[in-house]
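Take this structure, written in structure tokens, and hold onto it; I'll ask about it next.
In order of appearance the chains are A, B, C, D and E, and numbering begins at 1 in each one.
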Amino acid sequence: MTDATAQNTPAPSGKSLLSLDQRTRRRNASERRFRLYGAVAICLSIAALVMLLTSVIGNGASAFFQTYAKIELTLDPAELDPEGNRNPDEMGKVTTLRYGNLMKAAFPASLQAAGISTEGISDTEIGDMLSKEAPAQLRDRVLSDPDMLGESVEFWALANGRIDGYIKGRVSMASAERDSNVSPAQLQLADRMREAGLLTTRFNWDFITFPDASELRPEAAGLGVAIVGSAYMMLIVLFLALPIGVAASIYLEEFAPQNRFTDLIEVNISNLAAVPSIVFGILGLAVFINYAGLPASAPIVGGLVLTLMTLPTIIISTRAALKAVPPSIRSAALGVGASKMQTVFHHVLPLAMPGILTGTILGLAQALGETAPLLLIGMVAFVRDYPSWPIDGFFDPASALPVQVYNFTTRGDPAFVERASGAIIVLLVFLLCMNLLAIYLRRKFERRW
Amino acid sequence: MYDMNRVENAVGQDEIKISARKVQVYYGDTHAIKDVDVDILDKTVTAFIGPSGCGKSTFLRCLNRMNDTIAAARVEGKIALDGEDIYDRRVDPVQLRAKVGMVFQKPNPFPKSIYDNVAYGPRIHGLARNKAELDEIVERSLRGAALWNEAKDRLQEPGTGLSGGQQQRLCIARAVATSPEVLLMDEPCSALDPIATGQVEELIEQLRQQFSVVIVTHSMQQAARVSQKTAFFHLGNLVEYGETDDIFTKPKDSRTESYISGRIG
Amino acid sequence: MYDMNRVENAVGQDEIKISARKVQVYYGDTHAIKDVDVDILDKTVTAFIGPSGCGKSTFLRCLNRMNDTIAAARVEGKIALDGEDIYDRRVDPVQLRAKVGMVFQKPNPFPKSIYDNVAYGPRIHGLARNKAELDEIVERSLRGAALWNEAKDRLQEPGTGLSGGQQQRLCIARAVATSPEVLLMDEPCSALDPIATGQVEELIEQLRQQFSVVIVTHSMQQAARVSQKTAFFHLGNLVEYGETDDIFTKPKDSRTESYISGRIG
Amino acid sequence: AAARDNIQTAGSSTVLPYATIVAESFGENFDFPTPVVESGGSGAGRKKLCEGVGENTIDIANSSSRISQSDIDTCAQNGVTEIMEVRIGYDGIVFASDIEGPDFAFTPADWFNALAKDIVVDGEVKANDNASWSDVNGDLPDQQILAFVPGTKHGTREVFDEKVILAGCEESGAMEVFAEQNGGDEDKAEEMCTSLRTDGVSVDIDGDYTETLARIDANKNAIGVFGLSFYENNTDKLKVATMSGINPSTETIASGEYPVSRPLYFYVKNAHLDVIPGLQEYIEFFVSDDMAGPDGPLANYGLVSDPELAATQEMVANRTPMGPLDE
Amino acid sequence: MSIGLILLFVVGLGVIGFYLGRRRALTSVSGDPRKLHSLPSQYGQSVFLFTVVPALLLLAVWLLAEPRVIDSRVRGVVEATGATGSELDLKMADVTRISEGLDALVQRSTLTEDQLTQMRADMADVRGRLADVGVALGSAVEPAVFQAAKQRRALVQTSSLLKGAGVALFAIAGFAFAISRINPTFRARNVSEGVVMALLIGSSLVAILTTVGIVLSLVFETASFFRMYPAKDFFLSLTWNPQFRGGSDLGIWPLLWGTLYVSFIALLVAVPIGLLAAIYLAEYASKRVRSVAKPAIEILAGIPTIVYGLFALITVGPALRDYFAQPLGLGSSSSSVMTAGLVMGIMLIPFVSSLSDDIINSVPQAMRDGSYGLGATKSESIKQVILPAALPGVVGAVLLAASRAIGETMIVVLGAGAAAKLSLNPFEAMTTITVKIVSQLTGDTEFASPETLVAFALGLTLFVFTLGLNVLALYIVRKYREQYE
């Protein structure tokens, strides 16, 4: 035998492994093509994502910065505290209009005092460079600290949206010439103020914490109420849709006898997935508001409606995942005397977890981004007051992030364009935070057997 | 020892643990088990032999109602455990399966650790009062299934990462851990080497002291070695059932005879 | 016939089909195969024996690079098929596996009809020019695997609805249908009755006329019956490799001796 | 039941911006919570108003068109018997195109001849196949006709149909021909006047003015229909067209010179007046000179101030419910 | 007793019951759980369930029945005034509001119980006082109504007391019963599993209830639509042309066609891309790529559709028009079915890819090994073994995507336009049912006009239509289902 091995230089039986025959080459080519298709599909998806995200971020990043103008003014007690007793309740009677006039009067003077030429530009125009929110800011500050009255204070006021737009590059001298809301002179003044350090751009926390603002004050519009509203609704959706959806899937997939009735439920659920979301709004209006008497515009109703809307997504994906668990696992558990219930909860469900979590991710993404059903239950609304803490807060009026996006996009002032994209960024970050746990869990549960 | 066994055998064999009467199984239209009558005695090892595809596994699965899980399968006839009809509507199949354990033909460990695989049964049946007891059950079962030496250092590794034969022994250990009254074993040694086979056969012998064991095997030698009773299946029929010695030495049916004499391995 | 075989044997045994040198396999940190050198000859049946968990399947899977699919597995050393390193970067594992077919330890039929299960290989390799040829290949393979009689009336039924032993034979038929040059069979008869086993062994003998067959078995008798060469594995080591007769009659290593003498079945 | 303490209003998205401006100032300057202003369409707003009395129903419905008898009936059926109708001002509707494009000076007849399905040429009714504005009127630039008009769900569409297309129909004399053709049936003739081309020249926009603007961005030679306030916020992108020689502005609309405009309303449920805190204050604040006057923020944003604002203020102070519809 | 307090009591008792039950079970066998029929914690569970479930059921029934019972008792008083029909209903609503208002008054201690019994509608300014606590009344209060309100308030108070007592009694009784039942042979597992089972069934009934709710909330308005507009025209007319002032053509066909066309194109984009992406992720991609790419693609599902809509409107639409439609002579509309379909397809990719990826990933490795072992390439294995095995799940994913496609509005509005048309040309503007439901429902038209109510009819028709499609899909899946092992 040794002998045999020694003299035997292996004589390849025709086909070598190293040289591919015609057919293998063809098959390999098709394999490569297939793989390429897959890679292309991924790349296409990612490219689409990148494109959409860059456009959103490109448009929206600037929403996180805001321009402020420095103004020095003396707070005239005679104007702002007619009673003279520094009682905030009394002082609250002074409207923002009066504060506005005060600021408009003080602003040009304040500029001149800082040595900035205001030639060729009227005082009204200068005043218009401030946001209409600025008086409200000032008023809040005065009311919180009435002793400021009579003193000369330094105040960073929100700049008007067009001035802000100019700093961010949205408004140009050329466009200002045609724009009836801003003049090149104002922009030139803004340039001069910036050089003198009287105009700065800061990170805009207010965008995240402030409530919405009217069309006259795009620069003050924020997402605070919407974020709270969305968070409340998502809490409800998560705590209702996930358990109910998983429970329903388990029943249908693991326990339900195969009969007409379960077929009916099955078809029903797939059909519910195809029901346009606005119809769920109609349902919510009819059942939760008109029949059950829950308040309109409240996260509780929104949450319930979105729950019903999300359920089919979760059920369909959970069922698909349960179906994919090999029967041998079930037999194994049943064989050691586990009940069906134990089999499902101990063995099948963990294996189906990735699919369930995917369904949850997709369902929540949909629930978080949906406006149409909210339209009918009164959540597509202008809400400025924050809802209180849960559970009471579930019944207070609130807005939602997609609603805010929608509202911003329908507004006339171009300054809302960046806000809309900014809101989308916040929404996506919100979604990502929500999904992170699910994604992490999904990776943990993923296994092959 | 030998004597004691004989005495016990004598006692055990009087008691019928499972009795099956006129059992029919259909898979859709195919009639897989035809009119099988058999009595499985307590404290006895019963061997089912017969050519591949004759219905051994199918019949075995009837005995603890595992066929319930196959949508296409339909069982008729009467099977009684300790005199109680197991297909009675009031019977809880779960309790039944806790009493009648099963080792499947294809090893199917859970995608969990080796320890959890074995501990699962005792856990759900509340067989251990605490962790130490559970550890003990796991060790005893793994030892019984001759897997302890190989597995003791990797109890926390997944059971699916074992070799074929190891998986088979793991499944045996898993079934033994729940201490069933009847243990159904579908070719438990098919992937085992002679030594491991010997150890499992020893385990079967031990189990027989208290329980009833039904084993499907293709090895005549094994059947002869471990069983007291043998049933020969052919094309869905129970051709012959009797004392193992009788079946192997003086089969009554010609089919039995030709199957046994055609023996090769 | 006997004579011819001998002649062929003589020719075949000269040619090394697969040569393995210093093969190491690691599963993560565990060293499952240690330093194995072996030459598998053409037109020869080589048997791998050894206790459960010793690494037979693992080594077998190295020979057609099935270990590539296990993320944790790492193979070192050199394995050559017809003198060409199969772990060479230029080697296409697909082509390799078409030449080196495999029957797995656990039967794994596809969730397709019996016919499609067998026709799958010939289809992807383009072995049949038309439906008639394909039908013929399917029939020949199923006959070879001793499944034709049971399966011929249910070719369109799913392969997953077969009994354990039938599934095993289906997998054999499936592997044979692609006419590989080397056929690796991991315990192909574990779930088969003696008669079916005999038929499969006949098939192996037939295949050996043209191809090389490697078979893992726990049955010493089977190894003795079908193989010309035997390799004994123990704890990941190849303890002894040589003519089957020599191994069984005059083993050189004490471990081999004790394993063989400890034989029971 | 916990009592509701904020004002709830719903309705027209045209009134929405004005309502939010007022609500914002109201919340800022009064001790009441800021009212919640829903959009969702005039129809839905009025339906909600008429659902009944009680805190589960809204207090105010904003509307870009006058309430109809059927709504009043529904209201009455549901116990909402006293409704106050408050006209807050006028909304001008303008035609604008991309700022880089040519100037346009339209007459209603031009629009009719450009968009109507059938037009009258030399006394003959024929299908409209005008492709360029210069085909319609030699004085107009030679630019492909492409108009983005509000979809039929919008109240603006009604105004457009009535004050532009129908007026153009009459002005061009087509009306008479149509009437003649239909045997003197005026309704049929009107219907013929207002049916627009379906060959893609006249594009219905179901969305908002922002959508129209975006579409003009994508189709530079299109002309869109906008609200005056929207146009005023986007004068750097849009060029407005004159109508019958009049440039649209708050002044020309207030004086009635510029023909295309419509009144905006809100409807208050009187039963809620003393119940929902701040409701009376809010509506008074809304129509006050500070807000709705010619120099107020609403006018600033593009609302054409109502010349009869004083009468409205008095009505609000007296809580006079609206009488039966006269027209 | 407030509902929160009752709940707290019941659940608290239940939790105590859990621990007591477990202890009792263990002591009954002197600490050896092996002698128990079920696990000790299952005995605990059974006590918990016996304590909580009947009590909560009683509470639920009570809460449902209470208003009706009280209503019927009080109604008589109001009926005595001769009110009937809707007037009676209105007065009953007033009664409810007044009685709740009186409650609020007493709670704010502006009114004592004594004063209340003295109080008479014709003397005290009830309306004004109630307005102080934020209860809106349409008109001055009639004496009979006020009397009824007072009676109602009394009833409510009694009922509330009884309710609290009854529920507590039930809880305690259930608790005692369950504890007393504990013995080693008690089938605690079966009991608690029975309850879980009921919960599972209940959960799947939510879907049925939702459907019933949807149909009910659509069907009445649909009926009034068909009273105003002939059903024949709605179902058979080929034009959709609503007018603001009436006289509209409201044929559904152009909308249905648009819906199908847009969804079809969207699926034509999403299904191949999604499926290929899923396959790549599950079978080819490295762990790193997979763990990044999969969540990244899922973001596509979370981007608000308005972003897609604007993308369609500003980028895709003009590009398709300039590079395809115009050169091919297929029209010059920048809004087109193609635009909306393409962009919607992108949005739908993750619905197909993510779920399919999970399903493909859970096909057992043995299937792959079997195929590779025969010398199949990866792609052959995928196409011929893995995908067929994963088919049911993949169909589910596609169904989900199709459902989203049918329900989408924003992308269609901005991408395909608002004009309803029956045309084969994919470069023409069209619109879908869903878009029209939204726009007709939120428009400025009269609510009680066919133009608005048609939204409900559209919704119901779409519902029935998709139901048909789903039945078909179920049938097909059943037919081609392949099961491994």
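Convention: a residue touches a chain if its C-beta (ideal position, glycine included) is under 8 Å from a C-beta of that chain, and two chains touch if they have at least 3 such contacts.
If you want to know which protein each chain is, UniProt gives these names: A = Phosphate transport system permease protein PstA; B, C = Phosphate ABC transporter ATP-binding protein PstB; E = Phosphate transport system permease protein.
Quick caveat: nothing in here was measured; it's all calculated off a predicted structure.
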Chain B on chain C, rotation in degrees - Cα superposition, rounded to nearest 5: 180
Pair sharing more residue contacts (C-beta pairs) when A-D is set against B-E: A-D
Most remote chain, CA-based centroid, reference being chain C: D
Whole-Å separation of chain centres (CA-atom averages), chain B against chain E: 49
Chain centre separation (chain A, chain C; CA means) in Å: 59
Inter-centroid spacing, chain E versus chain C (mean Cα positions, whole Å): 56
Distance from the mean Cα position of chain D to that of chain B, given in whole angstrom: 83
Residue list for chain B, restricted to those that touch at least two other chains: 94, 106, 124-125
Contacts with two or more other chains, residues of chain D listed in rising order: 4, 39-40, 44, 55, 207
For chain E, residues that touch 2 or more chains besides their own: 189, 310, 364-365, 377, 380, 441-442, 483-485
Touching chain combinations (by label order): A-B, A-C, A-D, A-E, B-C, B-E, C-E, D-E
Interfacial residue positions of chain A with respect to chain E in the complex: 27-28, 30-31, 34-35, 37-42, 44-46, 48-49, 51-53, 55-56, 243-245, 247-248, 250-252, 255-256, 263-280, 282-283, 285-287, 308, 311-313, 315-317, 319-321, 323-328, 339, 341, 351-352, 354-355, 358-359, 361-362, 365-366, 368-369, 371-372, 375-376, 402, 405-406, 409, 420, 424, 427-428, 431-432, 435, 439, 443, 446, 448-449
Interfacial residue positions of chain B with respect to chain C in the complex: 27, 49-53, 55, 57-58, 72, 105-107, 150, 161-166, 169, 186-187, 190-198, 218-222, 225, 259, 262-265
Contacting residues of chain D [partner chain A, same complex]: 2, 4, 6, 8, 10, 13, 16-17, 19-21, 23-25, 27-29, 31, 33-34, 36-40, 44, 51, 55-56, 58, 99, 207-210, 227, 229-230, 232-237, 290, 297, 300-301
Of all residues in chain E, those that touch chain C in their complex: 364-377, 380, 384-385, 388-389, 482-485
Touch list for chain E against partner chain D, complex: 86, 90, 93, 97, 100, 104, 128, 131, 133-139, 241-245, 247-248, 310, 313-314, 317-318, 331-335, 413-414, 417-419, 421, 428-429, 435, 439-449, 451-452
